[in-house]
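Below, each structure is written out as C-alpha cells.
Two complexes, one shared chain (chain A), two partners (chain B, chain C).
Our next item is the complex of A and B:
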C-alpha cells in the first residue's frame, strides 16, 4: 500500500508526538509511524504509571490525539530515501507499505547500552529496560531477588518499578562515583522538579541499597544466573540473586538517519537550531540527537514540527529552553561517564557479539592499528547477525572507539516473501495510493 | 638491491594468495592495501569453491584450484568454515537433463567425481526443492568457505614468512619496478603484481568491467539446505553479456544461515541494492525452493565482479617486464585464487603448473580486440 503525506514522523515517543502535534496543528498532513502497538516510546511506555501518574504524558497524548495527526502503529521502517519515501514492514498484515513525504522528522529514540563482562550472556541476566518491559508484558517477578547494575538514571527507575511489581530488589549498583553524581545533583539546583523525581524514586526503593562507585565484575552461575560479583575498586564481594538487570546508560538509534545520509556525531545525529540534519529534507529530534531526557525531547519535537511545517520563527522562543535541556543532557553524560574499569571487564573468552558468538579475544586480535570495525566484522563477523550490531556496536564503540558507518536496508530482518513478488498481493494493492486525512 | 623481490598491490583473496605463494617460495614480499584486506569483492562473494566447465582453460584452473583448497583444508583455521558440501546442479527440464549428462562427461574426462540424480534422488538430496524438477548433478568435492578469513590466513602465513603489509596507502602508479603512492612516497621491487579486482586505475588498458551482484543472507536454519544449489541455467545467466540476469543459487553456511543469489548487472555502479533486481532474484529462488519464502532475511548487500570479455581471468606478464597482473576473475575469484597464485609464481620463477598458462595471458584480450577490429 502507498501513502502520501506532507510530513512523516518516525517514532511515537515524546519527541515524535510533540513534532507531529505541531505539524498537524499548523494544518499540514502528517503521519506518525511507530513499531509498537501504542504511542509513548520506550520512556512513556515503561513509565511508572502505578507509582505516579505521568501528567506530561497524558497531556501530550491528549493533544496529539486531538491534533489530527494520523498514527500508524506496528510499522517498522526497513528502508528509506531522503528524496521522499520510506518503506515500512507491517507484521500484522505481513506486507510492506510505502510512505512518501516532503519532509521527514526522525524521532527514533535510544536504546540501552550493554558492556560485555564475564557471564553477561547467562540466562537470567537482562537489560534493565528489557526486564521492565518483560514484567510489563506479564512475566511474574514476585519474590525474585534482583540486582540492578550499570549506570544511568534508568537504573533507579527500573529498580523502583520492579519493586512495585513484587521483586525483591537487593541492590542497585551504580558505577559512577558519588562525587561525580553530586556534581550532577548540585547542577540541578536550578531544576527542582528533576531532583524531586530522583528523590521520590530513591524513597520508593526503601530498604534496597543504592550504592555508587561499584560495578559488576562477573555474573555467576552454572546454566542460569545465581549471583553477581561486584567491586568498588578496593574490594570485591558477591551478591546472590535470581535475576540480574544491567544497563550502561543509553545510546541513540541512528541507523535510519545513517541510511538516509544524515551526519552522525559522537552524541547522535547532528542538527542545527531548527533541528534540521545535514540532509535538508530530514529533521531529527529527541534522544536520537543526544541523550537529554523527556523535556528536551518535547521541546525539540515542537521546534522541528513547526520548522518542518514552515513556521520556524514561531519556535524561536523555545530555543533557549531547549538549549538548557541539552546542557542538562550533557551534564548527565558527564555524571554517568564510564569509569575506565568498565572498559576492561571483558575477559578473553567473554562473548561480545551475541548474534554471532564472537569472543573478546577474537575481536582484540582483529583490532590492529589501522583496522576499524569493518576489518573486525569481516574477520570475526561481529555485528553481522540479526541485530546488525545494535547490541555489540555501542560496546565496540566504547571499547575500541569504532563506529558503524555501514548501514543497509533492510534495517530489520524481513521474511523473504516481503522482498519478492508475493502471490497474495494484487496489482491493485501495489499501485493503490490512498489519500489519508 | 631493491628492498623487495615482489610487491603485490591489493590484499583481496587473490593478492593474499599471491603473497602466500611468493613468501613460501622464499621471496621478500610486500603487500599494499589502501583500505581493508579482503574488504571488496572478497567480502561480497559467496565463497563457493566450484569446478566450472564453461571452457577448457576455466575447467583446468578451477579444478586445479579446488584441489589446492582441499589440500589446504587441514591447515585452514576454523573461522574459514570450510565445508565440503558439494555442488548440486539442478536441472529443471529434459533439455537441461541432457546438459547434465554432457557436464558429467566433461567432468569425468578430467577425473572429477560427479553423480547424476533423477527427480527422486534430487528430492531426497534436497527435500526443500519443488516437485517436478528433472534431476541434477552432484559434484561432491566442491565446497564452501568464508573468504575474508581465508584471505586473512594467506596473509598471516605470508607475514610469518616476513612479508610486509602496507596498509592505508593508495598506489597511483606501478611501472618499471616502482610503485608510487598518493603521498608521493615510492617503493621499489623486482616485480609488481597488480591484484586490485575491479579497480583498473593502475592498468587502464585491461578490459575489465564491474558486474554488480546482489546477495541475501538469512537467519540460522540448520539443515534446510545441504548442498550448494545452482540451477543449470546459471551458465546462461553468467554468460549473457548484455542483459541483466538472475539465477537460483543457494548456499548453506556452517552457521546454518543461507546465502541466496545471484544477479548479474553490467553498467550499474551504484552500491545500493536495487529492489527490482532483488525481487527478480528472490522470485527465482522461491520458484525452485518455495519454502524459502518463510525464512527471515538478516542482510542484503551488493558487490562488483571483475568481468573480462571472454570470462577468463587475466594472469601473467604485461608489456612492462616488471609488472604482472592477476585480475578479472568475475565470480570465481575465491575458487581460483590459489591456482592464480601458482600461475603468478610460474611467471616469476618458472615453477611448473598443470595447465597452459598462455590461456590466461592478459595480451590475449588485446589480440582478440585487434582481430575484431
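Our next item is the complex of A and C:
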C-alpha cells in the first residue's frame, strides 16, 4: 500500500504528537507513524493501571485528534530515504507500506540504557521504565517486593508508580553520589516546578528507602530473581526481592536518523534552532536529539512542526524556553553520570549480548585496537541478533567507548517473505532477516 | 476449561502453552505471560527469558503467537482465543 503526505512524523510520543498537531493546524497534510498499538510513546503510554490520569497527555491527545493529523499505529519503520519515502512493516497485516513525503520529522524517542551485571538476564529483572510499561500493559505486581536500581530521574518516578499499583518498593538504589545530586538540585533553584515534581515523588515513597551512592553488583536467584546484592563501595549487602527494576538513564533512538544520513553527535541527533537536522528535509525532536524530558519534547515538537509547515517565524517565541529545557537535560546528564564502578560490574561469564548469549570474556578477548565493535561483532556475533545491538551497543559504548556506526535496512528484523513481492504465506514467514555485517 | 474464551466482557481468554488464561482486556501478550509466570522464549544457551524493555526494543519477549514465531509480545494486545507458546 502506498500513501502520500506533505509531512510525515515518526513517533507518537509527546514530541511527535506536538509536531503533528502544529503541522495539521497549519493546514498541511500530515501522517504520524508509530509502532505501538496506541498513541503516547513511552512516558504517555496507554495504561490499564490505576495511576492517576495525566491531564497534560489528555490535552495533547485531544488537540492532536482534533487537528486532522492522520495516525498510523502498529507501523514499524524498516527503511527510508531522505529524498522522500519511508517503508513501514505492519505486523497486523504482515505487509509493508510506503509513505512518501516532502518533509520528515523524527520523534523516535529514547530507550533505557542497560549495563550488564551478573544475573541481569534472570526472569524478574526488568528495565525500570520497562517494568512500568509492562504494568501499564496489564502485568499484575500487587504485593511483589521490588528493588529499583541504576541511575536517573526515572527511578523515582517508576518506584512511585509501582507503589501506587500495589507493589512493595523495598529500596531505590541510585548510583550517583548525594553530593552530585545536591548540585543538580541547587541548579534547579530557578525551576521550582521540577523541584516540586521530585519532592512529591520522594514523598510518595515514604516507607521505601531511597539511597544514593549505591549500586547492584549481582542479581541473585535460580530460574527467577529472589534478591539483589548491592554495594556502596565500602560494604556489600543483600536485599530480598521478587522483581528487580534496573535502568541506567536513557539513550536516544538514533538508528533511523543515521540511516537517513543525519549527523549524530554524542548526545543525539544534531539539530539547528528550528530543529532541522544536517539533512534539509529532515527535522528531529524530543529525546532523539538529547535526553531532556517531556517539557523539552513538547516545545521541540511544536517548533519543528511549525518550521516544517513553513511557519518557522511563529515558533521563535518558544526558542528561549526550549533552550532552557535543553540545558536542564545537560545538567541531568552530569548529575547522573555513571561512576567508574558501574563499568566493571560484568564478570567473565556475564552475558552481555542477550540475543546471542555472548559473554563478557568473549567480547573482551575480541576487543582490539581500532574499531572494537566491528571486531566483536565479527568474532562473537555480539549485536547481530534481532535487537541489532540496541541493548548491548549502548552498554559496550559505556564500557569501552565503542560506537555502532553501521546502521542499515531493515532497521528491525522482517520475515523473509516480506522481501518478496507476493502476499505473505504466514507459515513460511517465521525466518527473520537481520542486518549482517 | 481449555477453550480460551473470555468469561466476561472485561476479560480475554487465551491459551498459553496449552493452559487457559484470563487477562484484562487491553493487556499485552507479554504482560499475560508474566502473569502466568511463563517464559517468552528460551535463549541460545537455554535460559528462560521474559520481557525486559517493555517497548519493543530488546526482543526478549519474542514468543510464538497463533503459530507465528518471533512475535514481540510486548507490542501486541491479547485477542480472545489467542494461542501463545514459549519460543524454543
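The working rule: the second predicted complex is superposed on the first by the 413 of 437 C-alpha atoms of A that agree within 3 Å, B and C clash if a C-alpha of one lies under 4 Å from a C-alpha of the other, contacts with A are read in each partner's own complex, and residues count from 1 in each chain.
Assume contacts are C-beta pairs under 8 Å (C-beta built on N, C-alpha and C of every residue); 3 or more make two chains touch, one makes a residue touch a chain.
What you are looking at is a predicted structure, and each value in this text was computed from that prediction instead of being measured.
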Partner chain(s) touched by A:384 [first = chain B, second = chain C, both, neither]: first
Which of chain B and chain C A:374 touches, first, second, both or neither: first
Partner chain in contact with A:414 - chain B first, chain C second, else both or neither: first
Contacts of A:272 with chain B and chain C, given as first, second, both or neither: neither
Residues of chain A touched, compared between chain B and chain C (which is higher): C
Partner chain in contact with A:65 - chain B first, chain C second, else both or neither: neither
Touched partner set for A:263, first chain B, second chain C, both or neither: neither
On chain A, positions contacted by chain B and by chain C: 356, 385-386, 413, 415
Residues of chain C touching chain A in the complex: 23-24, 26-28, 30-32, 34-35, 37, 39, 43-45, 47-60, 62, 67-71, 74-78
Sites on chain A touched by chain B in the complex: 79, 356, 362, 370-372, 374-375, 378-380, 384-386, 388, 408-410, 413-421
Touching residues (chain side chain B, partner chain A) in the complex: 36-39, 43, 79, 148-149, 152, 167-168, 216, 218-219, 255, 260, 272-273, 275, 278-279, 282-283, 285-286, 292-301
Residues of chain A touching chain C in the complex: 35-37, 42, 46, 48, 76, 91, 111-112, 114, 121, 123-127, 129-135, 137-140, 223-224, 253, 351, 354-357, 385-387, 390-391, 413, 415, 426-427, 429-430, 432
